[in-house]
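In what follows, subunit A forms one complex with subunit B and a second complex with subunit C.
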Partner chain A sequence: MALPEENNKFEPDEYNPEEMKEEMLLQYPPKVARKRAKQIVINKFGSDGEVGDISPNVRTVPGLIGQRGCCYAGCKGVVLGPTRDIINITHGPIGCGFYSWLTRRNQTDASTTPDNHNFMTYCFSTDMQDEQIIFGGEKKLALAIQEAYDNFHPKAIAVFSTCPVGLIGDDIHTVCRNMKEKLGINVFGFSCEGYKGVSQSAGHHIANNGIFTHVVGTDDTEHDGKYKINLLGEYNIGGDAFEIERIFNKCGITQVSSFSGNSSIDKFANAHVADLNLIMCHRSINYVAEMMETKYGLPWIKINFIGANATAKSLRKIAQYFGDEELIAKVEEVIAEEMPAVKQSIEEVRPRTEGKRAMLFVGGSRAHHYQELFAELGMKTLSAGYEFAHRDDYEGRRVLPDIKVDADSRNIEELDVKPDPLKYNPRKSEAEIAKLAEAGLKMSEYEGMMPDMDSGSMVIDDISQRESELLIESFKPDIYCAGIKEKYTVQKNGIPMKQLHSYDYGGPYAGFKGAVNFYNEIDRMVNSKIWKYLKAPWQAHPELAAAYASD
Partner chain B sequence: MLLKHTTDEIKERNALSVNPAKTCQPIGAMYAALGIHGCLPHSHGSQGCYAYHRSALTRHYKEPVIAATSAFTEGASVFGGQANLLQSIDNIFTVYNPAVIAVHTTCLSETIGDDLPQIINKARTEGKIPEGKYVIHTNTPSYVGSHVTGFSNMTRAMVDYFSEYNGSKNKIVNLIPGFVEPSDMEEMKRLAAAMGIKTIMFPDTSKVLNGPMTGKYKMFPDGGVTIEELKMTGSSIGTIALGPFASGAAAKALDVKCKVRCEILDLPIGLHATDAFIDQLRCMANVNVPDSINFERGQMLDIIADMHQYFYGKRVGLVGDPDQILALAKFLVSIDMQPVYMVTGTPAGKKFEQDLREITAEVPGEVKIKVPGDMFLFHQWIKNEPVDLLIGNTYVKYIARDEDIPFIRHGFPILDRVGHSYFPTVGYRGGMRLLEKILNALLDRKDRDATDIEFELVM
Partner chain C sequence: MSDDYTSTTNACKLCKPIGACLAFKGVEGAVPFLHGSQGCATYMRRYIISHFREPMDIASSSLGEKNAIFGGGANLKQGIKNVTTKYGAKMIGIATTCLTETIGDDVPSIIKQFRDEEKALFESDNSPLLVNVSTPSYGGTHMEGFHDAVKVLVDQIATEYGKDESINLLPGFVSPADIRYLKELLSDFNLEGVVLPDISESLDGPALLDYQKISEGGTPLSKIRSMGKARATIEFGRTIFGNLTAGKLLDSRFGVKNYSLGMPVGLRESDEFFSVLEEISGCKSPEKHVLERGRLIDSFVDSHKYIFGCKAVVYGEEDLVVGLTSFLAEMGVQPVLCASGGKSKKLNKEITAVTKGLVDLPIVRDGVDFYDIGEEVAELKPDLLIGHSKGYSLAKKYGIPLMRVGFPIHDRIGGQRVLHLGYRGAQALLDDLVNLVIEKKQNDSPVGYSYM
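On to the complex of A and B.
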């Protein structure tokens, strides 16, 4: 954990976070202001390094205009969307399926599974009509599953419920069970109606539960290869997972499965034979890791491949876990091989980026991870916040026992998982885990974003449009990071905006090569001359030229 | 191959929609509402709806798309969304202060049966709507119709809420532009202005969703029809509605409410549809068509005549919205191209399908039409017998690449190119742009496929 350091205190000119917070709250009705006050926190460290508490994962105030999506988006869009060989049928009116069709840029390489299946370019929907709303949609769903099977012969079909499905009471799980029996392939459903929970986060949890219940652990095939890991919470936006796989291959680390960038359902089924789970996006996937640990004895560590130093650190953590001299040496060799290109790029770019200021409002992990890359460029993160994270993502998992479960979270099922009588196999003894912890490698630990941020920086959860405008007007950051909805609102102010969901159709930004891509991209953005074209010559120099006056 | 699981074996489907050629009502309502000046569209549903709609519209326009939501949770879904909407209205007027909030429903709020007029009324009696401000609404259940229906419903709501007859007719023509681009709306207004006709266009997204880079973000941009203008529509001499599916309902409602006679025309895409538009403007406003417009018409016809050999006999596949498909099909037939496959996801009805059959009656060979249909079936037709040109939204590019067919982007959404928001495809100039696009696609292909011996300098 980063301890408070005087030289870490962030005080650029005109930056008064307390004043800003007050200004933000002043515009709201009193009740709203009270609520937002708990979600806008000025980062400060206590005597033993603990950070102040924040109240995320609560309902968005209606009317405030935020960034969040829904439970369906988190389940179908984020977690299951990147799996290429499941036919994902959206059960509902056409919109939800349409909007989640290819819009998240999850790249996939179907040539790596023998059957070459890839349904990610397709959109499947029951296109529910008023007739189904009135009389029920179960029959149409069963027929849709049959038609998907007849036309495509997939090895698995998943069904995703949208809002009206829950309201009219369609029992999608029974339909799935019946069709599974009838077709002889895996068919399973997710009750991820958009109104559940308070954000995408509920959908992540539901997706984790479903994939754990219906798929993980159904194929016990053991593989050759050493140092078997699963990569969790990496969605292969812009090819990130390909770069990470390249590094794993170079190190001799065997990736058994990925949840769920460039993934195949066959790999999920077999994931429990790995020896370590690596968590990239803690928010969206920690449930699967926890459940796999309980059921199969597979421990997890938090890693981060965003940032060259973070990548090196993560590789060392993996090597330390396996404790094999050969891997430790190989990892050092790979880092030594990869770093010169990274350093060369930093040396070239950093003089132009040093001291520039960034703001990041995105996701449940990226607002944290990308601060690494900005730090490598000598840039300061002035303010950051998540869209759908929980307290543990901000303050670290040590606050988990203190988190009060509210009504919205209680509605999301917690699975009762027990050690598997046959397959439970703790990979490390308690003594070994304690020894690793002593040496600095803590299992099941995530320290959160706030401990890594400077004292005095602003942490804003579920930021609203107006708060974002105030930040931009007052602090004029050199770059602002969020998603597509914020992209042009920010840029109209003449401030470059980097999308950290879609990467603005660039990437990869993970790993060593990705870091270099990011440095170059940020250099292009914060040093672009185009923002100087705002005034036409006659606006800059409005004096009349009299030389051509006519009679 | 991007769509490698698509085969030429067509099996009947009655439940599964694959690669839809439509999306849901609320996004159309949101788009229409953005065409009112100072309006904040509001989605009465869960957060996912407005997040998806804003994202899709933003990707299409590469412009800020602002909207709010009632942010339903499970509780609201059980007990009704009244509390959420009341709170939302209060917060919006306090924080963002728009002139009007335009609420549309979603499948969620429709299924639970929220009564919007009652909630809005309550907001008014509780003083949550400041003096001189408005909250309007329309019902847009996602399980009925399509995005076109949503656009139509919100446009009609503008009439229901605002249009009034003030006792005397103004020499103004109402223009309802249809679910078209801001550039198209601008072009329709330009043509009318060139004829010396005063118009009120509603909705009007020009200068809203094709705005300039100024260094200062405006939450409520300069464009859009004002409330004052919307009120005046009831006193205009007549209404021209472009595109029956997107604009017909509002035009008819205005006729019923304020006795403003309406003419419902095809979208002015292509020579003859533009002729009909100009001619109607001429008759309604009792003006002459200026030479400048005759000149533009002549230019468009000139391109058709000069390049006719390249259009002649070319087979075209069309995917899109009913108003667009119908106008495009007529246009293509008029220049001797052959629209052989046509699909819209919108349930536009038997009459629409019949109209398409009549338009293409002279096209040799079998013409395949599916209403409502999806892009998977469309692709299967192509697998069975290819076409020379594809016209549709960005999703069609997956088919175009797999089948190696020239492709023009037209319709909604276009996610991977710019231009549609700035350059129209309606009117004569828009027609010239469309002709240029068709020629570029066909001639680039001819250049690419020609042998070294056949490669032509002059075409």
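On to the complex of A and C.
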């Protein structure tokens, strides 16, 4: 059952994007304007169908209030944060640990691991003081690890460095190694000081490297179950992972591990026994997928479970990869079962959302994925951009060979991974992969956000608050999607604002049931009557008030 | 019970620069600015916003690895310039972070250089005032950051000598609702007052027809300039770290008499505050407030049967804990633990003073986290928890009702509108607290009484 076809032609009505871009750049000094000009792109398709260049993943200009977080946030907050049974110790003064204390609304189900450990509601910190800044913090870190072990007996402890740690030269990795030996559990560290890289993206990479080095491949247990996959780059915000797991179960697909929504460290350790990696958020997790492919022969495909059509498409891709008639039939059966409820909801909601206009400035994948849901509602995406993505997330992996590596990225280690002499096992032969590609299923492929956006829409990387104000003033979108920092600024402008990091207390929005939740949420938001009441009656009709006064 | 854990598990304090940003946000036309990695600004913005549900801009000098090695001066200068030209800030409140304190950036001299280099920028009428405070988060909590920022605002802006009829009110970190109440009170006493900082509108603004780059409200800079002329200063907070507070600074530099009071939470602390207002203004307390006091006493009598003998655990910022403890004691609630992540070394003395003669001296613990508080709660088995949202996991674990006050409140709406101060605030707290106890009793009853 197909959903209504989306309309691919974006026709800017009263607004000219070229003029908008010019206006945005005018406010800057020449040097900043030149830099921003390469990050504000009007989407165009060349004769070969390829999109234009964009220059993301460069430093934010000081003093321009933006959206980005830091390396520590990407490493501890995003990638490792959603794993329930690792004790994450922040090595640093108290702030960083406090601010990343379960603020992303990651959910987890601790009843599925035998020990029921869930440390996600805790915030562990070495709470460095003057004394450690002067004399070093290694001793305090070792004691903190010991205390965490004594009080909670976790299976693993991870340590995350904040800015001062790198500056004073604490060697967290040696402390971790020593404590690992002493305690007999896995203890490992991440040098994810906030000043590293240009955004949280650096932290994702460091997290990927750390998990791959210290955890993945340490448990070779083979489990029962057919069609074994790992789900990568899904963080179970608002219960998304639960909905995706429900669909996998229904289809008979076995999820070996998840990086890292609703995850457990034991599953990371065993991830290499799966037969396919599914990448949801390409930006934050492609490194682990690449390394697993090189070391264990496990291929990856890009999928997306945001949007009912996208979910169906992703399930079909998985079935196509395994090529098993039983799975192919089962997937079709599940899609046929799930779609009527979706379609019914769309029929109800779409008359009220059709033609409305959205903007999305979020993440390294979400700004792309959520356009699917808006399209299903008949809504147009006028403008979108990422906070911390790289060129491949915008233009597709075809540009990978052309990406210039600057000093900030060069400082983030690229691991030298080789095929494992014992465990390397290519799941598909080159011939099989070529055959799948011919049939339309390309391995290791992500085409990026821009090819999916309309010609003439604005693509803006690392948008600044001033730029978003200009956009809002001129375009007056019906809904604006970003994070909590932007939420109230946008709403003061009378525009409904949906948080796509934390989902505004809502969710799940993934899968079939999630799509229906999202339709209802957007319907509620874009059709809210509250904005009408902004003006009091005497402001809306001054002549009335004057008449009363003269009575 | 171990009280010598080295690490901090579930902190009961926030970091120093966030306090400075909150204080700077209470100055008219101000943009807080963090000199450090951009993550600090992002984290603190998102945290402040989750409580106030209002825009909260904090600019950043966005230092990278290179700057961490070679110094962040150039970024700081570029950042100040961009904030000046893009946002039209009247004041930029620059706070340092662990990063820039550890590498030893000398912010005052960078600012001085910048002024010399950018003469044109500082000659115009719209040029911003630059205020800077040192806030390494390895040296104190958000409250030290808050009070240090208030102190530098006074130190660096209040330069005018002379005498006028105004009074200065330094309320500390209280809610926008509290500030609105204090301003009403000053007006009712016919006092011309400067409340510093004033977040009553800048962090609790109305829905608008037109967006403003910098939110309205905040203490006007012209008023801060003339704080040295005031008749008197009233400064809330008995546990402010160190000896030189903003109020004392105004006293020693300008001879403005400083009345140092506790945060006026509950009856007695409010009585003391009203007495000072009467003394300074030469007016009797206005009838409206006398009536509020009368109703408060009346409700103490009405509610006593529900809450007498209840045991409460109070946690949060030290001055708020002192105020709440004083209030609980006069209601007949027994505080059993008074805890804070702060460490002014004054908490024990102040708690002793406010509980004396009314209830047993509770356990007082400073510099603790929720792991420590949790161990105490397990032993003490209190009937009530009073503090911010971070106590929720204990409330859930032990099935104890939690009354949310202070900051941060991010699991309820209206944190910015919780009124803590004065007779009116005490009345609101009392009703909430007693109803929480009644609700628990009602829910726990197998009968389903609707007449309690």
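By definition in this document, the second predicted complex is superposed on the first by the 532 of 551 C-alpha atoms of A that agree within 3 Å, B and C clash if a C-alpha of one lies under 4 Å from a C-alpha of the other, contacts with A are read in each partner's own complex, and residues count from 1 in each chain.
Simple rule for what comes next: a residue touches a chain if its C-beta (ideal position, glycine included) is under 8 Å from a C-beta of that chain, and two chains touch if they have at least 3 such contacts.
What you see is a predicted model, and the numbers here were worked out from it, not measured in a lab.
In this superposed model built on subunit A, subunit B and subunit C take up the same space, so to speak, and clash. Contacts of A:D127 after superposition: both subunit B and subunit C are touched.
By the touch criterion stated above, A:T489 is placed in contact with subunit B and with subunit C alike.
Shared-chain residue A:N116: touches subunit B; no touch with subunit C.
By the touch criterion defined above, A:P421 reaches neither subunit B nor subunit C.
Looking at subunit A, you'll find residues 27, 32, 59-73, 89, 92-101, 103, 121-130, 132-133, 140, 143-144, 147-148, 151, 162-164, 166-168, 193-198, 407-408, 411, 465-466, 469, 483-485, 487-489, 491-494, 534 touch subunit B in one structure and subunit C in the other. Of all the residues in subunit B, the ones that touch subunit A in their complex are 2-5, 11, 13-20, 22-24, 26-27, 42, 45-49, 51-56, 58-59, 62-77, 84-85, 87-92, 94-96, 106-108, 111-112, 141-144, 146, 211, 213-219, 345, 376, 395, 398.
Subunit A contributes residues 27, 32, 59-73, 89, 92-101, 103, 121-130, 132-133, 140, 143-144, 147-148, 151, 162-164, 166-168, 193-198, 200, 407-408, 411, 465-466, 469, 472-473, 483-485, 487-489, 491-494, 534-535 to its touches with subunit C in the complex. Chain contact summary for the complex, subunit C toward subunit A: residues 5-11, 13-18, 33, 36-47, 49-50, 53-68, 75-76, 78-83, 86-87, 97-99, 102-103, 136-139, 141, 205, 207-209, 211-213, 371, 393. Residues of subunit A touching subunit B in their complex: 27-29, 32, 59-73, 89, 92-103, 116-119, 121-130, 132-133, 140-141, 143-144, 146-148, 150-152, 162-164, 166-168, 193-199, 407-408, 411, 464-466, 469, 483-485, 487-494, 531, 534.
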